[in-house]
Amino acid sequence: MTKPADLRKASREVRAVFDDIKQTRNVADVNNFWKYLARDPALLRRTWESVKATMAPGELDPLVKEMIYLAVSVTNGCAYCIASHTAAARKAGMSEAMFGELMAVVGMANETNRLANGYRVPIDPAFGG
Amino acid sequence: MTKPADLRKASREVRAVFDDIKQTRNVADVNNFWKYLARDPALLRRTWESVKATMAPGELDPLVKEMIYLAVSVTNGCAYCIASHTAAARKAGMSEAMFGELMAVVGMANETNRLANGYRVPIDPAFGG
Amino acid sequence: MTKPADLRKASREVRAVFDDIKQTRNVADVNNFWKYLARDPALLRRTWESVKATMAPGELDPLVKEMIYLAVSVTNGCAYCIASHTAAARKAGMSEAMFGELMAVVGMANETNRLANGYRVPIDPAFGG
Amino acid sequence: MTKPADLRKASREVRAVFDDIKQTRNVADVNNFWKYLARDPALLRRTWESVKATMAPGELDPLVKEMIYLAVSVTNGCAYCIASHTAAARKAGMSEAMFGELMAVVGMANETNRLANGYRVPIDPAFGG
Amino acid sequence: MTKPADLRKASREVRAVFDDIKQTRNVADVNNFWKYLARDPALLRRTWESVKATMAPGELDPLVKEMIYLAVSVTNGCAYCIASHTAAARKAGMSEAMFGELMAVVGMANETNRLANGYRVPIDPAFGG
Amino acid sequence: MTKPADLRKASREVRAVFDDIKQTRNVADVNNFWKYLARDPALLRRTWESVKATMAPGELDPLVKEMIYLAVSVTNGCAYCIASHTAAARKAGMSEAMFGELMAVVGMANETNRLANGYRVPIDPAFGG
């Protein structure tokens, strides 16, 4: 269970998803995440459709969305996700200076989250407490 | 140990930090987080100085920084931080539509982080794997 | 501190635990987890006794218990635990299709946990809120 | 931002999702989670469609899926999700004895995940290490 | 499923555990955690025996052990555990100044853990990398 | 973005921080963490100043502080931090027996945190509930 799907035997459903990923992202091949998810074609399709809808430009631009994705992945310590979304954020325009500021905010938030927990700070009435 | 510092007895150091928070943020009073941290004046000062430097405008604008802070807090499930940074992000310009998109990305990232873990996806060479 | 216990010098207590693991699981050797824990014989014994009692058949069958163990390990991102409990779950009967459904539920739960956090949803009275 | 959507003004899209939830689950009203998500109709619809597909009977029966959902929610400490999915699991047939065994496995997995981390146990070759 | 066990009907096994907790800790009553766990007498007994063995004085004194317990609970954001182990640590001798230093270390560790993740820092050879 | 800073081009600010780390810790070179953080000199300096102040001897001695740091890192599953702070704790005097007791407490706390979550235990009035 540590292998990607056998892509030579990929069903039409899997190939359709892969084609849509390549076209949407303008890439020659899909990355490992999708090749492993292809072991469950229904999960592959649902996940891709959600990712596609969620990451499309909207009120937030794609760079901001990629940096938010990276902030979550760094907080959770997901090595694969940190690697792939650092690449995606850079492709979307994240500079080295932006990366440094992003990491500073992520680190600070993880610190103050625990200070609020440990000091058992009650929510201010102004914030709905 | 479930109380804020006794502010009537606040030291000069604590009052100086509180004054700087009020002036920097243009608010009449500091929120509960700082009143509880004031039980340890050195920790209060270090934390405020880091927050002030980290959240100042830079390559990323304050709204983006507040949304990243909120993304981390939601991932960690820190109720106080979610309440206070939702308020801060709104004050910095987060609309209801932006909030919805932010939550969608945070939810999706938390989902795909676990799919990458469970499928034990190896990092692609292109991403430094 | 990155080594397993020196098993040639293993005490009688450690060997007794190892023998019980092998007999209970019908395996020729114990896996690395136990060899490392053997550095602290008392912790080894307590941990094995808890695992043995917890994972024994009861109202839930061993396959369900192994899948729950895997769900937790994937959520926490413990690479060792994901590898060993994926193997254990397969040995207990988890098919590829079951694995896909398990991952889908784990991913979905991690997503909706954060949506509930971010939207600050109050517990319904019917659920004890 | 601490309120559910104003359901008197709910769009046709929101009402269609609510009706599908009620019919699928055979309940008179949807729970708070959906009323809050309704603030973002597109997110509401995507989330419900994923939940509906993921939690439907398959290779794993609905009770097992609900217990996996609960195991993740307990690990993450999501109070809303613990309350709502304990209710859902009981409705799907979880007895008090099953709940006790579920909690025992969740607790044990969270413990051994950290022992594996702390002892830096390398993955056995047999598990793909 | 949101209630403690009905202690008027407590079995001999439950009462024996409660008596041992009271005697070991020299308290008049057990705290809520044990009253809820009593719904599953076998889990109650196993958990108490592990806690009793783990928290007993050894190479580390009880105060250090209680502070470590609190550091984990604050990191995980477990409100019940933060409240009960803050009380236990104070009873074991934690002063306000010690609490402040403990929180400072916990906050800092949570911050630098994420900086190490985000910068993808490889383990130094001297540390076993 | 998977590289340390180019130290041949290190600014005066970076070199000053490195010199202070070496002098404070009495080591010949800084470890990888600092070489990577050096990509953002301001973040490097702020982080080092916080670590230096937080880890200095105070009411808690350096060994206790290192063990608390390790407890958090093990809970979060940060591989780099576990490796570097295990080394630091040993240098500060942590014996093999102390390490075993530390891991036992960390494992137990992670287990009981989830039991408290799952059983939805209300905070006792004596603990501020």
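The first chain written gets the first letter, and so on, giving A, B, C, D, E and F; residue counts start at 1 in each chain.
Keep this in mind: a residue touches a chain if its C-beta (ideal position, glycine included) is under 8 Å from a C-beta of that chain, and two chains touch if they have at least 3 such contacts.
Note that this is a predicted model, so its numbers are computed, not measured.
**Q** Name, by label, each chain that touches both members of the pair subunit E and subunit F.
**A** A, B, C, D
**Q** So which chains count as neighbours of both subunit A and subunit C?
**A** Looking at subunit C and subunit A together, the chains touching each of them are B, D, E, F.
**Q** Specify, for the interface formed by the sequence copies subunit B and subunit D, whether it is same or different in terms of residue numbers shared by both sides, with half as the dividing line.
**A** different
**Q** If we define chain centres by averaging CA atoms, which chain lands farthest from subunit E? Would you check?
**A** Greatest centre separation from subunit E goes to chain A.
**Q** Tell me which has more C-beta contacts between its two chains, C-E or B-C.
**A** Result of the comparison of C-E and B-C: B-C.
**Q** Which chain has its C-alpha centroid farthest away from the centroid of subunit F?
**A** That would be chain D.
**Q** Could you work out how far the Cα centre of subunit B sits from that of subunit F, in whole Å?
**A** 21
**Q** Quick one: subunit D and subunit F, Cα centre-to-centre, how many Å?
**A** So the centroids are 34 Å from each other.
**Q** How far is the middle of subunit C from the middle of subunit F, if each middle is the mean of its Cα atoms, in Å?
**A** 27
**Q** Among all residues of subunit C, which ones touch two or more of the remaining chains?
**A** Counting only residues that touch two or more other chains, subunit C contributes 1-2, 39, 42-43, 46-47, 50, 54, 75-79, 83, 86, 97, 102-104, 106-108, 110-113, 115, 117, 119-120, 128.
**Q** Select the category (line, ring, star, complete, other) that matches the graph of chains linked by touching.
**A** complete
**Q** Give every residue of subunit E touching subunit B within the complex, in rising order.
**A** Per the touch definition, subunit E meets subunit B at residues 77, 83, 86, 90, 96-97, 99-100, 103-104, 107, 120.
**Q** Within their complex, state which residues of subunit B touch subunit A.
**A** Per the touch definition, subunit B meets subunit A at residues 1-2, 31-33, 36-37, 39, 43, 47, 50-51, 54-55, 58-60, 64-65, 67-69, 71-73, 75-76, 78-81, 83-87, 95, 97-98, 101-102, 104-106, 108-113, 115-117, 119-124, 126-129.
**Q** Can you check the complex and tell me which residues of subunit E touch subunit C?
**A** That would be residues 2, 42, 46, 50, 53-54, 128 of subunit E.
**Q** Sort out for me which residues of subunit F touch subunit A in the complex.
**A** 1-2, 39-40, 42-43, 46-47, 76-78, 128
**Q** In their complex, what parts of subunit A are in touch with subunit E?
**A** 70, 74-75, 77, 79, 82-83, 86, 102-103, 106-108, 110-115, 117-120
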